[in-house]
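All chains are identified by letter, namely A, B, C and D, in their written order; residue positions are counted from 1 within each chain.
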Amino acid sequence: MSFLEVKDLQVHFPIRGGLLNRKLDVIRAVDGVSFRIEQGKTYGLVGESGSGKTTTGRAIIGLNTITSGQVIFEGNDLTENKNKRLDVRKDIQMIFQDPYSSLNPKKRVLDIVAEPLRNYERLSRNELLERVVDLLEKVGLTAESILKYPHEFSGGQRQRIGIARAIALKPKLIIADEPVSALDVSVQAQVLNFMKDIQKDLNLTYLFISHDLGIVKHMCDEIGIMYKGRYVEAGTTEDIFNKPQHIYTKRLVAAIPDIDPRNREKQKQFRAEVQAEYQHSFDYYFNKEGLAYPLQSISATHWVAMPEGGS
Amino acid sequence: MKKFSLTKLLLAMMFIFLFVLGGCGGNDAEETQGEEDPQVEDSEGKVDEEVDDDGIYSIDDFDPIASNQGEIIDGGTITFGLVLDTAFEGALNYNFYTGNPDVQVIRWFNEPMLSIDEDFNYTQDGAATFEVDEEEGSITFTIRDNVNWHDGEPVTAEDWAYAYEVVGHPDYDGTRYSQQLSSVEGMPAYKAGETDTITGIEIIDEKTIKLTYEQFTPSLLSSGVWAYPLPKHIFEDIPIEDMPASDAVRVNPIGYGPFKVESIVPGESVTFVKNEDYWRGEPNLDGVTLRVINPTVVAQALQSGEVDIVSSFPADQYPDHADMSNVEFLGAIDNAYTYIGFKFGKWDADAGEVAPDPDAKMADVNLRRAMWYAVDNNAIGERFYNGLRWNATTLIPPSHKNYHDDSIEAPTYDPAEAERILDEAGYIDVNGDGYREDPDGNELVINFASMSGGDIAEPLANYYIQSWDQVGLKVELVDGRLVEFNTFYDRIENDDPDIDIYQGAWGVGSDVDPSGLYGRNAVFNYTRFASEENDKLIADGLSKEAFDVSYRQEVYKEWQELMVEQIPVFPTLYRAILVPVNNRVVNYAIPEVPGIDIHRHELGVTQEEPFVAGE
Amino acid sequence: MEAIKLDIKKEKKAHKSQTGLSILWREIIHDKLALISLIFFIGITVTVFVISLVLDLDEIVRVDLFAIHEPPSRTFWLGTDYGGRDIFGQLIIGTRNSLLIGFIVTILTGVIGVTFGLISGYFAGHLDNVMMRILEFFNILPFLMLVIVFVALVPKYSTVSFSLIMTAFLWMEIARIIRAKALQERELDYIQASKTLGTPNWKIMFGHVLPNLSSLIIVILTLNLAANIGLESGLSFLGFGFPEDTPSLGTLLSYARNPQTLQDRWWIWLPAAILIFLLMLSVRNVGEALKRATDPRQRRG
Amino acid sequence: MWKFIVRRLMIALPQIALLSLIVFIIALMMPGDALTGLVDPTLDPAAIAAQRERLGLNNPWYVQYGDWISGVIRGDLGQSFRYKMDVTELIGSRLVNTFWLSLLTTVITYLIALPLGIISGRYHDSLRDQVITGYTYFGFATPLFIFALVMLWIFGFNTGWFPTGGSVAPGLTPGTWAYVLSKIHHLLLPALSMALITTVSTVQYLRSEIIDTKQKDFIITARSKGASESRVYNYHIFRNSLLPISALFGSDIAKLISGTIFVESIYSYPGMGQLFVESILQRDSSVAIALVLLFGIANILGTLISDVILSLVDPRIRIK
């Protein structure tokens, strides 16, 4: 039994219109996604914006309605009924992309971090205070912070508050939706490293959603690449970065900037190759509607979306 | 015949008109819901009105006839202001109108067949003359030869009979089917749809009609006859139920009066031109313009000469305008009174008579008398109405000078006496809350209904409550606010148990017979009071003996005394009518005053333009 | 922990200064007109409420036949009306009643409108659709006429029933604005975050979204207050006001329908007219200043 | 486009249906029924009961509603208790008067609002603007009824320039010039009183709209391209600011309705507003009910029109 298993997840958004405001069509934001995550690992979900990665994350935690498919968390099917979802909600938490909008500007840090505790645990005022201060210290903020409002903090500090809030209930799975993309590059590494630290401390599992392969490479054990709601490739970090199979993955990998000047030439060449392949073999990798084919296993850990019978 | 209840009831209604105190809102706009047969006016003292130092006026200082004796110029037109804060309804026919405003319009172009003298009795001066056959109980009317409709057609006996056929028809849904019609023999059966002909009506020739009555009473000859012919040649093709809304009533109304309708702006104004063929002679004026004028702007319109005459003038505005230089104020005693009524029981519809309840809250005459003693109507008249209304004593107002008995001693303001009566009768404050309890020691709260409308209505009602409060009676306004006119009468008529006492007003018809208001079988006997003495006196007043005036006077004197003793209601105020007239107008008399030998065709002006008040 | 607790109290003030409400307050302080208006308004409110505690209503609305239409004098500071009743007392009580109605209606419409708008905007989707149809329906009702109809129908007519009738037809504008704001707000991540943290919807709506709309609500309600104070007087003027033993500014004004009163007895209606005028202006001045504060482009302070 | 209009209509129709239902319920709550006005105490109670039965007044409410609504659709609004004539006919005569009053008021409102709003917006913070803003400022705080009363007082009575009541001078023949002029003469003062107050919000709206537009990019672009100042205002800014104003038109209908109720009572102008107040005061419920229904429908059509205008002006609205 996997820690988290997503089976053929579909999330559709209706397009309404016409005289009676009927459902005319659907946007298939997530169109048959399956993956599993092992406990304690970090799973990266990568893709350009609109690829459905964020929707996948939100669907797992319940912010988006699942059209079909299953999300099985520690053996419980979260899609089965709502009550069960409530039970496991405290085990799954989320870190949001924008630390500015994800913290209620009218609330003090104390209230923000205490929110999940108040929902799930009956604590006295002092216990609560203690816990919050504890959490803040864990994310590297001082106890005085609790009476401040979000706008009094920098972006990085805010994201730490967001993390403190997310870990308050000692969750098992954290869905991190582009946790650092809104931050300055200088702060990014700091936050990422900090996330890694607490992962070890708290035995956390991350579903790490990002469009930045560089960060994903740094953070993740396994990676899934999404394009237009479907997987194009999935595998270990090793698989993806060293043996990209799908042309889409290759292009992503090729686009990673490499600061090492020694590799510059090699990089340039690789890019040119990918570009060339992309030009002539696009139709091979995508079906008529420009969508990816179903995944096919090419190794025990590596899957690629290929037409039937492709290599 | 004597099919009692219904007939009697109708009889009762004969000389009454329901008085509407400030019915259509605004300034005491008085609306008579009935025929306009007014009363006599004693006006010997032709003193010019004088302003007392304290701003209190007396109706004795007014005259109902314009004093202008100037020389009448040829032609000219005047403007008549119909004082109303709404539009007039526009049912411009005696057989179909519902409210007094319409009558004010109709009077200019039509008139009843019969005229009356100052004792309310029919005279032989009208458009028709008559002969009475007391034995047979019939009257034969002869229409004058020169009485013609405005379109030139003669007014015929058939037209007159036609009015009876239409108003008495089962399909007729108006409000004019009254005692005046139903007392004619065979009328009730016709109304019920049992017959197609009315046995009591006989057309003798083109101009002669004979009406036979089921019961011949003294009341008949004082406006007991429906005297409003309906031009058959115009109406016969219109289905009866469509008549009230027809053009013949609303757009091109027709009559045989001194003026003809030229044009109508619905609800707003009517222009009249003279009817050269008027049977009394050609009118002096070329025409008359009638327009609705809001009570709030009457004074200004008079000052500027915008209107020459108005239908009535709000009494509360009088003190400020008494010295208006370009008009003369005419005045007369109104044949009406306001009163406080006590509820005694319910109307028994099956029996067609009132059913007094001996256990009613107001059943104790001492309580009623004390309440009469507790209010200071003189002060109300002087303070609220500047003397233009004054303390009333009996239920026959002084406008009926032959019947009003001013020697009767009615209770007047005396709070100490009120308290004494209450103490004696056992109304004592036992629980110390400042209010008296009833003789059994139960809490006594008297619910008082009063209607909205007149300007003074609200403080007046509050004043009464205060006065009763002062003698320890707890009186509360029903619903905590004044009740709108229609709702008010709805509730009073349906004997709403939430109402113990109410303030109302009655117009007394030209005949003094009170059976329609206080008779056992009268629906309008809103208090539901009845007593045997009362029944007897009312019957006596309508008996054959009562054709003798002095006998009748004696009966009604006794009846007035009885009412002061038994107090089913107590009258509060008598009132004056004020009508300002521009100084250029000659030969105008207050139309509500009967028996004045001045007719509208004689109306004239002394100059082309109205006088304007000097600054 | 004791130390922290103390800190909470101490620091509360220091940090509050950055909230929305304080911005509103700052704007008013900076706008002299608004400040004067606010002081005036509060002054009038406190005055009438305090004085009316001392005044005996029964005595004021007592009809006195011997003091009808008295001009202002030492006994009757503002003269008397046609029932001989003291105008000054009526003015005080009347202002209190009018303000009270204004407040009640404003608060009730606020509560209903905000709740309605919040629910509609927060849940969006089908519920929003249905609720918007309801709101639109209320919007197309001929407000004034229905109020008049109900006023005529209600048997016991009091400040409370009057306020309820008014409220029934006046909550829509607030609901609409709040709903639009809530629709925007619900898309923000902090709302999503609260959901993932297991906070129930009602708590998110009232505990999280509502505080973020607070300054907006204050602005709308202030501007509405001015309009609501005016409404009652209009109805009284048409003859659908309170009985005279419940004086209000509208009843006093309605006496002006009598031409004599309008021309010759200014003391009856003019003070009430001026007071209404000033109250409406001052409330509006405050409201406009608050509105500026919520619109950063126009902010002064 | 047509799709939007059809959709919008499909919202309006149930609204009208619901409105009629509510109006009907109110009618049931009102004291008295179609018979109350007709009942004569002399009539036999049994006959009255039979009449009630015949008129269907004893039927369950939904049957009565069906009867009533089918009458309404055929244009039969019942009988006025007071006027004893068909409500349709009664209202018909008043409708014309109110229509002209509303039309003239609207015309005057915009005649005032457009120039004032434009001047105020164009030269904002100038003396001219301050004068205009001052007017709107005080106009806002002045209750319509007080203002109308004062206008009547000054221009009706003291100067005598305008008539103080009615809709036309007596004795004129419809269709003649004198008749038309007299109508306008009677209309002018009420319309002006109403317009001077109701225009305030439109002026304010236009002003802020123009000030807003002034700072928009395309205006700055137009200016930088060397367009003359008057061209910028007349062509760009005015056009852009006018469109939202035209959409306000629908809500103006609601304002007009309450406005006519006040103004018509003050000027004794025989229109629907005055009729309404009368009918309520006298419990002429069939008339009152019919008027509520008609004004409600007018409101619905007003919002419909303004939504359509808005959608013409701003295609984004349609997508909603």
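Rule of thumb we're sticking to: a residue touches a chain if its C-beta (ideal position, glycine included) is under 8 Å from a C-beta of that chain, and two chains touch if they have at least 3 such contacts.
Bear in mind the structure is a predicted one, so any value in this text is a computation, not a measurement.
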Of B-C and C-D, the pair with more C-beta contacts is C-D
Per-chain C-alpha mean nearest global C-alpha mean belongs to chain D
Distance between the CA centroids of chain B and chain C (whole Å) is 48
CA centroids of chain C and chain D: separation to the nearest Å works out as 26
In whole angstrom, the CA-centroid distance of chain B from chain D equals 40
Taking each chain's centre as the mean of its CA atoms, chain A sits from chain B at a distance in Å of 91
Multi-partner residues in chain B (2 or more other chains touched) are 25, 297, 300, 484
Multi-chain touching residues of chain A, meaning two or more other chains, are none
Among chain C residues, those touching two or more other chains are 152, 239, 257
Per the touch rule above, chain C residues touching chain D in the complex are 133, 136-137, 139-146, 148-149, 152-153, 226, 230, 233-234, 237-240, 253, 256-257, 262-263, 273, 276-277, 280-281, 284
Per the touch rule, the chain B residues reaching chain C in their complex are 25, 296-297, 299-300, 316-317, 320, 376, 379-380, 383-384, 455-456, 458-460, 462-463, 466, 477, 479-482, 484
Seen from chain C, its contact residues with chain B in the complex are 61-63, 65-66, 68, 82-85, 152, 155-158, 239, 242-245, 257-260, 264
Contacts from chain C onto chain A in the complex sit at residues 1, 4-5, 7-8, 11-12, 15, 18-20, 188-190, 192-200, 208, 211-212, 214
Per the touch rule above, chain D residues touching chain B in the complex are 31-32, 36, 38, 40-42, 44-45, 82-86, 89, 93, 156-157, 160, 164-173, 268, 270, 274-275, 278, 281-283
